[in-house]
């Protein structure tokens, strides 16, 4: 197993030195879910048909959040993101806990010396928090879950694709 | 069921008008988990004994993240947080997926016209993302999950306490 | 005519001392226009019917911009905004220059020791810049204009209402 | 007429993917005006001779604002600006509305995959808002207007130069 | 001697809970020096007479820096600053190391539950760094020094006034 | 002696145009000290053995501060930092004023068109301010001093190494 790389010789945190790494094209895709009452999902879906679109606000928040990643995650390198896209999938069928879900998927691209996994994960997290914020007046029990990296390409460590997990989390 | 409050008469998003609300003491507690390989948790625990402390960095990130909430969540009101604390619980026993976990709990206080649920949830999310960032060199499959509001007090809607869910998510 | 208040005894800029001012309820309304080709306005209007909604993004940007006012305007006091709303009016009839327009109106509220004129004007400006950004691929000649304070209430200087100007700017 | 490029296949906003674009030298020049009472312009001019220099503060604000563009305009790409300059022209002759003006011109440079039009326009807007802020104690009726792109060079779409408009706006 | 207050029961950093503290009027004054070659000070002084005013830029930076304090100092509480002023004193007589100096003094006011010592110290530090930045092309050996709290008033711990130190640092 | 470069033809501040400069590997090392009572240093040292680690928080703050440099220093160019490290040296022997010290050293790397001197100095300053913040409950008399550039490499002006100064400051 590789070493944790974020610590210096004194054992304290550092921003890892990537100055010798090549600039390569990199992408990362992350996803996550917001679990909610069926009624809450229904409200979100109605809003899309009318103009009160929770997901439109979450999308803007997620894209702006991706750009703020190196501001809020201490050891992240600043990067010139060349593309950010976010999409949503609705799960209207209640699960074993009686909860529906909105799944958020973020795709981030960069040409740089380090990857954009954190940017994709941050975009998903901020979009999910925004959904919570806009619906919390009607459903304080919403849960953000299964936020994870789906895929990354580029860089020295190459391509990573998440294994499908059969059991639900 | 109450109305979604974040939309104006044109059906577009707005920052809800709280100017007529009373200033009251409010608290919110949120929690969430980072699932990881047993080996990853072991590294984090070893780091605490030595000086390479992932959780110390995550704690600083979470506290600073709480202060950035209204910067990154579009419809959140700015608030003068009067206290933020974060604690960690380790789950060294692998679950049914073979994963251990670190649980993050954030407590946020304010005297204000609106609550600090979003600040607590944002603190947990940023701390969780920081743990991911610092361990991703050895475990890209980590999952952020079960991020939810545990409790809130104060304000017109009063106290909310999360019901215990028996099934795992 | 009153003195410019933003300068100290050495003649240099300062953030004006408002510590002796009373906390009062204050509002400000500002407006501004983005002039554009008729075809550009048509695209924006079509987007509203479909989902590609330029104005939804501009609205989120304007609200977030209001919250960033004291970050970007050097001598502005930080304030706890209690409400921000933005609305749009379309002017589909070309003016004497053959240009249509979208008018942006921002309303900001606060309880504080200083007013929110700058927050309302900043919200309008950022929303207008966002419209430009999202349509510039098809119309680089758009013009932001007539950004001004419509009304303010509260504070020692009381209510201000803009006089109607008969001539167009 | 070209398509609006800021929307994804679901019709929602995205940060346009520029990862395949070449890195080229790019510049943009934008301008705008702050209309004000003759007395207000006189005060600004007096301040320049003494030390209370409104325009010096506006210049710093505009330059810092250019650097914040991708923070406040949702779909803007982050860019490594290589130069920002701002200049002012005074119009002491009252126009048909009896108003004088200060014109702000911002020039921004970058080597990058996308242009700096938004950075130049944001610099002008923030500088104009700062002039308003510093003079609002004596002239709340100031108007920000004619904020537009004067010229851009570089990139696939090449050079754009604004046509002179004979009528005043 | 009092306890360090910034640590929680687990021994980790927290933002101290000030929710039970009274809101009182508070001020803090901090100062610091930038030591430089006599020629560098001469250039700064010449600039003041002409328009190239290093200190005007440093002043804007210091005031804006005060407002960013809780963004950059991890455990600082956000505060609604009600006034920030900065002044400069020049020391044209070379010291024993042959260096002249510019002294920066920042005064910050607030009505709040915690003091503004950090805001005053941050204002001085950012202003000093700005002077360094603007003169580093001619004098890389400049030193920032003697940055300290001169005085604070208000709050439970009352007034603090720095003792005069006879020896130079 | 070279010219001050941060002023335009009107004598106002600008962000220097570096668009013609080559991209080269650059490093900068800066250092600074926080002087404190012997008892304060003892508390910091005890905290390191337990978990209440002032220096761990200061390190995170310094690294994040380096990334915020172009946000807070008006004329600084944004840069894609490729590495930031911070180390601490304790001086437990009281000096002639009876004060001990913690020395902070920051090393910053970049591949860019301009250097990272300001990023290294800002990292040191923010780390020093954080130490002050976390210990001010027990020692308001702490002094930040001797903040200076130790070394830089890369760029047209080449390598700079600070001359050792024999006298103490």
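The chains carry the letters A, B, C, D, E and F, assigned in the order they are written, with residues numbered from 1 in each.
Here is the rule we use: a residue touches a chain if its C-beta (ideal position, glycine included) is under 8 Å from a C-beta of that chain, and two chains touch if they have at least 3 such contacts.
Since the model is a prediction, treat every value here as computed from it, not as a measurement.
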Using the contact definition stated above, find the chains touching both subunit D and subunit F.
A, E
What angle, rounded to the nearest 5°, describes the rotation that places the Cα atoms of subunit A on subunit D?
120
Most widely separated chain from subunit F, with each centre as the mean of CA atoms
C
Give the pair among A-C, E-F or A-D whose set of contact pairs overlaps with that of D-F by over half, matching residues by number.
A-D
What is the distance in Å between the mean C-alpha positions of subunit B and subunit F?
32
Compute the distance, rounded to whole Å, between the mean C-alpha positions of subunit C and subunit D.
15
Which residues of subunit F are in contact with two or more other chains?
10, 12-13, 51, 53, 56-57, 60-61, 64, 68, 71, 74-75, 78-80
What's the complete list of touching chain pairs for this entry?
A-B, A-C, A-D, A-F, B-C, B-E, B-F, C-D, C-E, D-E, D-F, E-F
Within their complex, subunit A touches subunit C through residues 48, 51, 53, 56-57, 60-61, 64
The answer for subunit A against subunit D in the complex is residues 25, 55-56, 59-60, 63-64, 66-68, 78-88, 109-111
For the subunit C and subunit D complex, residues of the former touching the latter:
1-7, 10-13, 32, 35, 39, 43, 47, 50-54, 56-57, 60-61, 64-65, 68, 71-76, 96-97, 117-118, 121-122, 125-126, 128-130, 132-138, 140-149, 152, 160, 162-163, 165, 167, 169
For subunit B, which residues count as touching subunit C in their complex?
8, 10, 12-19, 21, 70-71, 74-75, 77-80, 112-113
